[in-house]
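Next up is a structure, given as structure tokens.
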Amino acid sequence: MKPTIGWIGLGNMGLPMAQNIIRAGYPLRVNNRTASKADPLVEEGAVLCSTPREVAQQSDIIVLMLSNNQAVEAVLHGEDGLLSGLDEQSIVVNMSTISPDEMIAAGQLLTGYKARFVEAPVSGSVKPAEDGQLVILAGGQAEAVEHCMPIFDVLGKQTLHFGEVGTGSRAKLVINLLLGITMQGISEALVLADKAGLDRELVLKMVGASAVHTPLLAGKTQSLLSGDFPAAFALKWMEKDLGYAVDLARKLEASLPLASAVTSTYTSAKANGRGEMDMASILLQIEELSGMKRKG
Amino acid sequence: MKPTIGWIGLGNMGLPMAQNIIRAGYPLRVNNRTASKADPLVEEGAVLCSTPREVAQQSDIIVLMLSNNQAVEAVLHGEDGLLSGLDEQSIVVNMSTISPDEMIAAGQLLTGYKARFVEAPVSGSVKPAEDGQLVILAGGQAEAVEHCMPIFDVLGKQTLHFGEVGTGSRAKLVINLLLGITMQGISEALVLADKAGLDRELVLKMVGASAVHTPLLAGKTQSLLSGDFPAAFALKWMEKDLGYAVDLARKLEASLPLASAVTSTYTSAKANGRGEMDMASILLQIEELSGMKRKG
Amino acid sequence: MKPTIGWIGLGNMGLPMAQNIIRAGYPLRVNNRTASKADPLVEEGAVLCSTPREVAQQSDIIVLMLSNNQAVEAVLHGEDGLLSGLDEQSIVVNMSTISPDEMIAAGQLLTGYKARFVEAPVSGSVKPAEDGQLVILAGGQAEAVEHCMPIFDVLGKQTLHFGEVGTGSRAKLVINLLLGITMQGISEALVLADKAGLDRELVLKMVGASAVHTPLLAGKTQSLLSGDFPAAFALKWMEKDLGYAVDLARKLEASLPLASAVTSTYTSAKANGRGEMDMASILLQIEELSGMKRKG
Amino acid sequence: MKPTIGWIGLGNMGLPMAQNIIRAGYPLRVNNRTASKADPLVEEGAVLCSTPREVAQQSDIIVLMLSNNQAVEAVLHGEDGLLSGLDEQSIVVNMSTISPDEMIAAGQLLTGYKARFVEAPVSGSVKPAEDGQLVILAGGQAEAVEHCMPIFDVLGKQTLHFGEVGTGSRAKLVINLLLGITMQGISEALVLADKAGLDRELVLKMVGASAVHTPLLAGKTQSLLSGDFPAAFALKWMEKDLGYAVDLARKLEASLPLASAVTSTYTSAKANGRGEMDMASILLQIEELSGMKRKG
């Protein structure tokens, strides 16, 4: 029989992920700060729980997909908190992107409650979440990760188990560092091209046919051409992750020139009011650095 | 009837490109500083000319695929030089990667000789050259570019015509800038991962499954794992192109933080004796910056 | 009558500072992890206390001059700790360089014990400490700072009161950021000059006669010429302070390109084994980046 | 008897320098594109020449103090140009700041006319020019430099002879690189301080009393407080020199992280319309990067 899955956090990532779980035939318990977000899941057969505690009591594996550590802590603690409902059979899977230190602290806390803990931040945004094509970056004891594999196989196309709790979060910083650099690299290339009088559409075709084509570019091309940047992955979150990455690098004595430079640029974009736009709006920052004025 | 093609420059890019031309049924005249490099082409039916002048006299379209502007100038000038053999019907196609200023100067020179001039540096290295899968970055008058299209279709999968002479070379700098940034970005991600205790093979899998996967990474994975960097695209050429790119940026008042930082790192790699290795050996530079010592 | 001063921390800064206090006629109680360091002071009339608690009990104003926050915490806590000996009349002056967050936390802790708290990190190293020519960067309530002014006047040539507790430590990060940038700026200028074939001694004369001459350069000239870098201010502490500065900058949404780049370079120097040398040895790092090999 | 001095170029540097020459008792011939600028000198006894050729014919030592190489070339060439008036006794002293390559080319040109050539760009701006307190950065043959020393002693407080023609111009780039870095370093320190809630006037006092105090800071304090940046040394010239410096660095395989970053920032300032303001207005660029809006 399939284990019952508890799901807390139904944002633009969490909701489609939970939908994939119920559609794969797993009994589902859900809880969300804004309960109405659970409506589509309830329609498909999920049971709405009024508290994290209830989710814990009724589920075998409890998944957290929350926006930051503050939200994680709010779910864990308190009278109706998750911790109060756990038992020794529980496995808590934290798929939220929080810092490695926060993840390790969460793991130690849970272990104190005898529950097993797996970290599983993901690589991929809304579209791969909908398509079950995420990449799961797992950290935790092999046995516990093994238990979660059927779930991970529903959510993603690949699960990579990096080691103990904390390694998955560090891997997430590594991939987001490369994401931030690539996005700014594309932007600098486009600005140089603009200044050199090259047609942007042709330039994007050139990149698209080159050795540095990325799925990222394919996904952002529309925004790069139109100048509209609705947030798939908000710039402020990228800036936060870059901050974690350079902190980690410094502590580990890694000297990374592009990481330093890119973080400074994203911070500037945030300071100039672009935090809520998509991370691809770093293009606007590079345009501004270069004195280019957008019409309208 | 197919036009006769003249080909000057049979390096590791030029030779397979010329082979594709003759295999596509074009009469071919070839000339190279080291004549023996033409042997495989002569076997397939090409005619070896002893001077660039002869190539010019016997061909409709003359292609130059040389390593730098010094080589281009050596071919053009002198008693037996290309210029002395041109007539008003000649089209000269310069596929060498030289700076935009050098390319424009070459174009102006040729025009003085009544010949038509097309620039056509390429995006892609040896493998795409062999497979006829290059991307042609063309600049020049539309009519002249049109004349060359059948040839370009043999050599590449796509031809992008950016505008007048100089635009193709600028586009080439744009794509190489992005190439240099991406390669260093990958290297910084790998070094951060190493320092964080993550398995490099797993990390490469993660990147390979992510939104920032690139054909570049696929091509360099073996080198990144083994630490051997046989040159497909020598680091010193990348450093030179990055130098041209930041120069161009400054002149055009584009302020590009990553372009500046990346150029400084490639210059450091060159100053530390890595110029002849593949550009992917920038990884070794980042490792050294971070105090990591390679065994052996 | 002059208040009794308690002094904890007799490193290469603390000892000459305490000597200035006793020579100015203040009764002095001292404590240090390695008690023998107090010998020269005892000879001049200071009373050695066996615990921080004793110092607190016998002094009106207690000065901490310790190397990091770990040392500060070790002094504060425990059975014989400073906290256990404080009363409502006590003023604790923390002159150690610790992070603004640590400083604020120390202040809040002390306030809980009813004692008054003043932060007073200093600008200046060993020579100004000996000469009573430090600059005191004070933070805390005006009344408490006022009480300490006679002491500050003995130790320094100027006291700047920036505001509440935390502001002095932030000011210290600001000045050290500029110090780190200036030192690396000098190093880059020297390396460019070397590569350009200019005599280093002449170049140092040029800088010394220019608008960018600094006392810093005067103090480091001997090291820059000889390549010997005995630590006056160890590179690892500079790297730590730069780390705090860029962290603070990011949190406050300040985007500082040089601060980012300089931190990355100092981290590299530390990763390559230069942490214990003077911060001026950043020159060696720049030389290495540029492929210059020192003889011997 | 004192040699007759010819002076071409009466900008805001050239005029006070020429005044010091005539006041030191040297016969003076002057020429300037805008002849009326010579009026104050003529009043003091200088003779106005209508062409550079005339200056050359009537002078022993001819000084050029022009704004860029274009102006230098305009003076040298043509029917009435300087070259046409030289003889074997002439010494031409180029005190203009032009690139090392341009300086070397000028030297080779002059040598072809049998005249002796000395380069002598200066360190210092308007005030030191008025006070005869410049630092002269000389390059050329020892004998020729020796001949000019009495003149240099009038204009400056110190003459540094770096070697052959080109070395003086390279030394000038070295000092201006450090100037650019220091000015941006100060600006970043001030922006961090502002964001941290520190009073700017107090912060400037702190820097002024520290090991990184510079005459530069003293000279710019008023601007940094008021936000008015009348050009003593226009930002666009600093940007140009930084461009030359990073070019030179790359050619010589010097990898200079701060030099790269600072150049990118000055280019951005220029692209955003600050080229005509003083170089200290780089502060405004850092403020803008950090989202700070100036009132008014």
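Chains here go by letter, A, B, C and D, matching the order in which they are written, and residues are numbered from 1 within each.
We take it that a contact is a pair of C-beta atoms (placed from the backbone, for glycine too) under 8 Å apart; a residue touches a chain by one contact, two chains touch by 3 or more.
Molecules present, by chain and UniProt name: A, B, C, D = NAD(P)-dependent oxidoreductase.
Model, not experiment: these values are computed from the prediction.
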| item | value |
| --- | --- |
| Each chain counted as touching subunit A and subunit D at once | B, C |
| Per Cα centroids, the chain farthest from subunit A | D |
| Euclidean distance of C-alpha centroids - subunit A vs subunit C, Å | 41 |
| Chain centre separation (subunit C, subunit D; CA means) in Å | 38 |
| Distance from subunit C to subunit B - Cα centre to Cα centre, in angstrom | 53 |
| Two or more partner chains touched - positions in subunit A | 249, 253-257, 259-261, 264-265, 268, 271, 289-291 |
| Subunit D residues touching subunit B - in the complex, by the definition given at the top | 243, 246-247, 249-250, 253-257, 259-261, 263-265, 267-268, 270-271 |
| Subunit B residues within the subunit C interface of the complex | 257, 261, 268, 271-273, 288-291 |
| Contact footprint of subunit C on subunit D as seen in their complex | 123-125, 135, 137, 157-158, 160, 162-163, 167, 170-171, 173-175, 177-179, 181-182, 184-186, 188-189, 191-193, 195-199, 202-203, 205-207, 209-216, 219, 245, 248-249, 252-262, 264-265, 286, 289-291 |
